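In what comes next, chain A is part of two complexes: it sits with chain B in the first one and with chain C in the second one.
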Partner chain A sequence: MSQLTIEKPWQRWSIRFGVFVAMAILTIPGLWVVLTAFRPNIEVLARPAVWIPQNPTLDNFARLFGLSSEQQGLPVAQYFINSLVISITSTLVAVAIGMAGGYAFARFRFPGKGGLFLAFMLSRTVPGVALSLPLFIIWARLGLIDTSFGLILVYLAVNIPFTIWLTDGFFRQIPVDLSEAAQIDGCTRWQAFWKVEFPLARSGLASAAIFAFLTSWNEYALASQLTRTTASKTMPVGLMDFTAQFTVDWTGMSAMAVLIIIPALVLTFVVQKHLIAGLTFGGVK
Partner chain B sequence: MPHDKGRNRIGAFMRSPAATPYLLLLPAALVILSVVLLPLLVSFWTSFTSYNLTRPATLFNFIGLRNYQRLMGNTDFWWAFGRTIIFITIALNLEMLLGLGLALLVNKITWGQRTLRTIMMFPMMFSPILVGFQFKYVFNDSIGLVNNALFDLGLIKQPIAWLVDGNLANFSIIFAEIWMSTSIFAILLLAGLMALPKEPIEAARVDGCNPLQVFRHITLPFLMPFVYIAMTIRSLDVARAYDMVRIMTNGGPAGRTELIWTLMTRTGYQNSQMGMANAMGYVSIILSIVFTFYFYKKLVSARTFMGGAQ
Partner chain C sequence: MAEVRLEKVVKRYGKIEVVHGIDLEIAHNEFVVLVGPSGCGKSTTLRMIAGLEDASDGAITIGDRVVNELPPRARNISMVFQSYALYPHMTVRDNLGFGLKIAGQDEALIKKSVDAAAEILGLEPYMDRLPANLSGGQRQRVAMGRAIVRDPDVFLFDEPLSNLDAKLRGQMRVEIKKLHQRVKTTVIYVTHDQVEAMTLADRIVIMRDGYIEQIGTPTEVFERPVNTFVAGFIGSPPMNQLDAVVRGGKAVLSDGVEVPLGPDHKVSEGQAIILGFRPESFAPKGHSLHGEANALAIERTVNIAEPLGTETILFADLGGLEVQGKMLNPRVVKEGETLGFTLDLSKLHVFDKASGRSVSA
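After this line comes the complex of A and B, so read on.
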C-alpha cells in the first residue's frame, strides 16, 4: 500500500483496468445465476438474450417451496432443513472435539506429538470420493445409509483435522503466562482454561466453526452416495438431482443455487478477517 | 497376575498428568479411526477382491493383485489418470500465477482495497457443486452467458458447443476450476504482501535496484512460504473438482473429460465393481498425498530458509 514508487498515469490506469477486469470475471457468473433466479422462465429462453430482468418475480422460490400452483419438482424445504440440521450438529460437535485436540497440541509436550499431528492432517488428504466407496459398504451393513446420523459422523471426521489445525494456531497466540497466572491465583487448570484462554480464543473458535459449517454445507461427493431419500438428502445433492430431471428448469435451479449461497455468503462475510489470519498463522509463524 | 498389574498401570497412567494430552485427543482420534482409518482398511481389502455390489458374497473372494493388474492394462484408466495429472498441474500453476498477478495489482490500489478483498472472497463461498452448476449454465450452448454475449457482439453466427466438444469441454472445466480457486492464492499472497517489511526494499532501492530486481530478489522470496501454504491447502482438496466435473459433464462427451474421480464412482456405483473402484481409490489417495506432501516439504524448507535469513 505504501507509495514507494511514483506511478505514471498510464501505469495507474492500467492497474485499475486490470483489477476491474478481474473483479468482473469473479462476480458476473454468480450475478447472472442470481438474476436468473428472479426471472420468469420465458426470459431465459428469449432470443435475442434479455440481459436486465424485465419482469422480476419471486415465483421461482415459491415454486421450490410448493407455494405455487405450478407443478412442484423437488422437496427443497426438506433438503434445506436436512442441510441445516446436519451442518449445525456436525459443526458443534467437531468444534468441541477439535478444540480439545488443538489445545492438547498447543499446550502440551508429549511423546508422539509430531506423528499424531501429521496423522490427523494426512487423514484430511483422503479425497471424499475415494472415502465414499468403503464408507458406503460399511454404512450399508450398519444401516447408516440415508440417515442424518451417518452423514453427521462422516462430516465430523472431515472437519476435526482442520479444526485442530486452526485452534492449535489460535491457542498458541495466547501467552501461556495468562493461564499460569490464573493457576497461581488458585484456579485449577480446567478453570483457567474456561475463564482465561477460552474467552480469548473465542473469535478464533467462531471462525473455525464457520469453516466447519461451510465445509459440511457445501459437501457433495460423500453426501451423494450416503443419502437416498428426503430423510437425509442435502441441498447440493438436491441441486444435482434437479439437473438430472427430464425438463431442464434453469430458473428453478438458479433459485435453489441462491438458497445454497445465502448462508455461505453471510457467514463468510462475518468471518473473513479471521479466516485469512487463521490460514496464514498456522503456516508461517 | 500380569494382566491386573497391566490394568493398574494403565489406570495409574490415566490419572497422571502425563495422560492429559492423550485424553484430550482421544475423541478426535476415535472419530478419525472409525470414519477414516477403518474404511481405508476395508477399501484396501476390497481392492484385492472381486467385490461386486450386486453379489455381497464376493467381498471375501480374494484375487490378489488382479484388480491392480487390470488397471495397469486399462487404457481408459490411464487416460483418466493422465488427464487428472495434467488437470491438476495446469490448474495449480495458472491459479498461482493469476493469484500472484491479482494480489500484486490489488496491492497497488490504495482506495477501496477492503471491498476488493471481499469480492475476491466471493468464489470461496461457492460450493464446488454450485460452481459446476454456474458454469454449466454460463457455457450452455443455447442460453448460456458466453454464447449470448458472443451473439450480441456479432462475433458468432452459430452457437459454440462449449460442453459438447471434447477440447472445449476440457477448457470450460479448467476455466471453472481456476475461477473457483484463484482467490485462495490471491488472498493469501495479498496477506503476504501486506506483511512485507519495507526496510529491505527501500535499502535495495537506495542501492540502485530496479523494480524488477526488487521483485525478483526480495518480494518473491518473501512470498514463497505463502505460495506453498496456498499450494498445500489446494492440493489437500484438489479432489473437490470431482463435484464440479460431475455436474458439468460427468466425464462426457464420450469420456473426453473423464478424471480419475469420475471414473472411480462410475466403476463403483454404476457398474457395481467395488473391488476395482477401491483399487482406483487407492491410486487417487496416493496422488493426493504425494501432491500435499511435496508442497508441505517445500513450505517447511521455505520457512527455515526465511528463519535463517532474518
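After this line comes the complex of A and C, so read on.
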C-alpha cells in the first residue's frame, strides 16, 4: 500500500526526522562507548563534553592485553575464550534440542501438547534475575558455581524454550506434503527431515541460533552471580574488573565493551541474509 | 505386475470411524478413479494405500504383498499431490531425480531416466529452474514426472488438477490420459470432479461417508446408478429426481402428471418412489437426443433458458420441483415461452423412496 500513497515533501522530511531522533536515542550511547574506547581518561569527564576524541589513542586496548607499562593486564583473553566456549556450546545444544522440540510441536500430536507449549512460553515471562538466588543455592550444592558447564546449563534453560517457539513456527510453514512426498520417493522419515525439511528451515534455524548466541554472549546478571574467577568469568562480567572501590576506569571498560560488541556484530552481518529471510519467512512465500 | 486389493479396510481416528470396511480390487494397469464429495473418505483411502495413514483394520495388498506394515518407501508407489509438493530448494532436474538418488542409483542412469521423463512431459526447457519459477501447469508436469521417473507399480493421484484453472485442467486431463496410455501402470486417482472421473477412468468408485456406493465403468455408473446418490452425483447437469407414487403401472407425480413405467422397473402398487431422468431425456419436441418413439409429451413453461451454444439448458416446473431439460440443436427460447416437451420413457430411473436404491433393471 505504501507505494500507492503519495508523500508530500514535508511528510517525507518529518518521517526522516522522527527516524533520526529515534535512532539517535538508540545509538548515541553505543557511539559514546566506542568513542570513549579511543580517548585518554582525561577526556571522559571533561566539561563541556568532548565528543570527538582530541587525542585518539589505542592505549586502552594495549592496557587490556597487558601491553602497557602503566598497569597490569586483565585476563581478557581468558574471558573471551570463556565467553566463546559458553556461548557457542549453549547455542549449538539449544538449537539442536530446540529444533527437535520445535519439529515435534509442529508435526506431531501428543497428549499435553498445548499445556507443555504454554509452560515453555510462560518460563520466558520469568525475569532471569528472579532466578538468581535459587539458582545460586542449587548450583552451590551441585558444585556448579564458577564452572563453564554451570553457565551453559543456565543458558540452555533460557534459550531452549525460545528456540522451540521459533522453530515450531518455521516448521509449521513447511507443508507436510513435502515430507510425505519425500517418504514416498524412498526416504525414511529421518532422511525426509534432513534432505527436505531441514534445508527449508535453515534460515529459521539461523535466526534461532543468532538469538541464542546473543542471549548467552551478552548475558550479565546471572553470569555475575554464578562466576567467580577466570575459570568461568565471561566478557560482560569482566567489565566489572574496571570498577575499584572509589574509581571506575571508564576508558578501559569501554575498550572491553568494544571487544564484546565486535564478534556479535560480525556474526550478525554474516548471517544477516538468513536472519532477514528468517524473520520475514511468512511474508515472502 | 501390480494389482491392488483392499479387504475390509477401516480407518478410525480415535473413536470416529471414517472409512467403514471397504472392499476394492484394482487390476493390473487399470485406471481407477475414486470420486465423491469432500469428506467421503476417498483421500484417506488413497493415503492408506500410500502408507501415509495406517489402516486401522483390514488388509491392503499391492502385487502379492500385504503392505499394511510397510512404510511408504517400501511400497514401490508414487504419488502426485494436490499441492504438487515439489521440493522448493531443488531444481526441476533434482526434483525429478530425487527418488532415484535416494535409491542410490548411479548418476548416468539417473540422468537417462530423468531425461526420458522430461521428454515425455515436455519439461526439457525448464530443467534448471526452481519450482517457484514455474507456472501451475509446469509444476503439475514436474510432479507427474517425478512420479513416472521411478517406474513404480502404482501411481496415486490425489486431486492433482484442482489447483489449476478450468482451461488448463481440461488440457492436463488429456495429458494424464495420454500418459497412462504411454506408461502402462496401475493408477488410482482421487477427485471430487465427476467430469474427471468420467473422462479418465476405466472404472469409477463412487464413495460417500466412508462407504463405497457403486463401482463400475463410466457407462455403467451413468446409465445404471444403483441409488439416488450416485444418480445425482454422476452427470452434469445432475439427474432430475421427483417424488412419485406408483398407481396402475404409472408414476404419479405430485402435480398429477402420470408417467407410464415399463416392465423394467420392479415396483408395486402404491409404492413411494423417486422418478429420475437426466436432462437429455427431457427436451422440447424435435430437439431430443434419443428420438421420440417412446416418449411422453408434456407441455411446460420455460422459467429460465441457459444457452450454451451446442445446447440450451431449460428450467421448467414439473412434479413440484424445477427440473432441467436439455435442448439440442437449439433455437432461441424466450423465458416464459410454453414448449411441448418430450420425456424419453426408455431412459427413466426408478428408485425406492425409502431406501433410495434403484429398482430399475
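What we mean here is this: the second predicted complex is superposed on the first by the 243 of 285 C-alpha atoms of A that agree within 3 Å, B and C clash if a C-alpha of one lies under 4 Å from a C-alpha of the other, contacts with A are read in each partner's own complex, and residues count from 1 in each chain.
Methods note: contacts are C-beta pairs under 8 Å (C-beta built on N, C-alpha and C of every residue); 3 or more make two chains touch, one makes a residue touch a chain.
Keep in mind that what you see is a predicted model, and the values were worked out from it rather than measured.
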Fit-or-clash call for chain B and chain C when the two complexes are aligned on chain A:
fit
Answer with first, second, both or neither: which of chain B and chain C does A:I97 touch in the superposed model?
first
Using the touch criterion from the header, give the chain among chain B and chain C with more contacted residues in chain A.
B
Touched partner set for A:D177, first chain B, second chain C, both or neither
second
Touching A:P56 in the superposition: chain B (first), chain C (second), both, neither?
neither
Please indicate which partner A:T188 is in contact with in the superposed arrangement: first for chain B, second for chain C, both, or neither.
second
Once both structures sit on chain A, report the angle chain B, chain A, chain C from C-alpha centres, rounded to the nearest 10 degrees.
90
Based on the superposed arrangement, let me know which partner A:I164 touches: chain B (first), chain C (second), both, or neither?
first
Does chain B (first) or chain C (second) touch A:V196, or do both, or does neither?
second
For A:F110, is the partner it touches chain B (first), chain C (second), both, or none of the two (neither)?
first
Least CA distance chain B-chain C after superposition, rounded to whole Å?
11
What residues of chain A sit close enough to touch chain C in their complex?
175, 177-178, 180-188, 191, 195-196, 199-200
Of chain A, residues touching chain B in the complex
1-5, 7, 15-16, 18-19, 22-23, 25-30, 32-33, 36, 44-45, 48-49, 97-98, 100-101, 103-105, 108, 110, 113, 116, 119-120, 122-138, 153-154, 156-157, 160-161, 164, 214, 217-221, 224-225, 236, 239-240, 243, 250, 253-254, 257, 260-261, 264-265, 268-269, 272, 275-276, 279-280, 283-284
Residue numbers of chain B touching chain A in their complex, please.
18, 20-22, 24-25, 27-29, 31-32, 35-40, 42-43, 46, 51, 59, 101-102, 105-110, 113, 116-130, 133-138, 143, 145, 148-149, 151-152, 179, 183, 187-188, 191-192, 194, 198, 201-202, 205, 211, 225-226, 228-229, 232-233, 236, 238-240, 242-243, 246-247, 261, 264-265, 268-269, 274, 277-278, 281-282, 284-285, 288-289, 292, 299, 303
Which residues of chain C touch chain A once you look at their complex with the stated criterion?
50-52, 71-73, 77-79, 81, 83, 85, 87-89, 98-99, 102-103, 146, 150
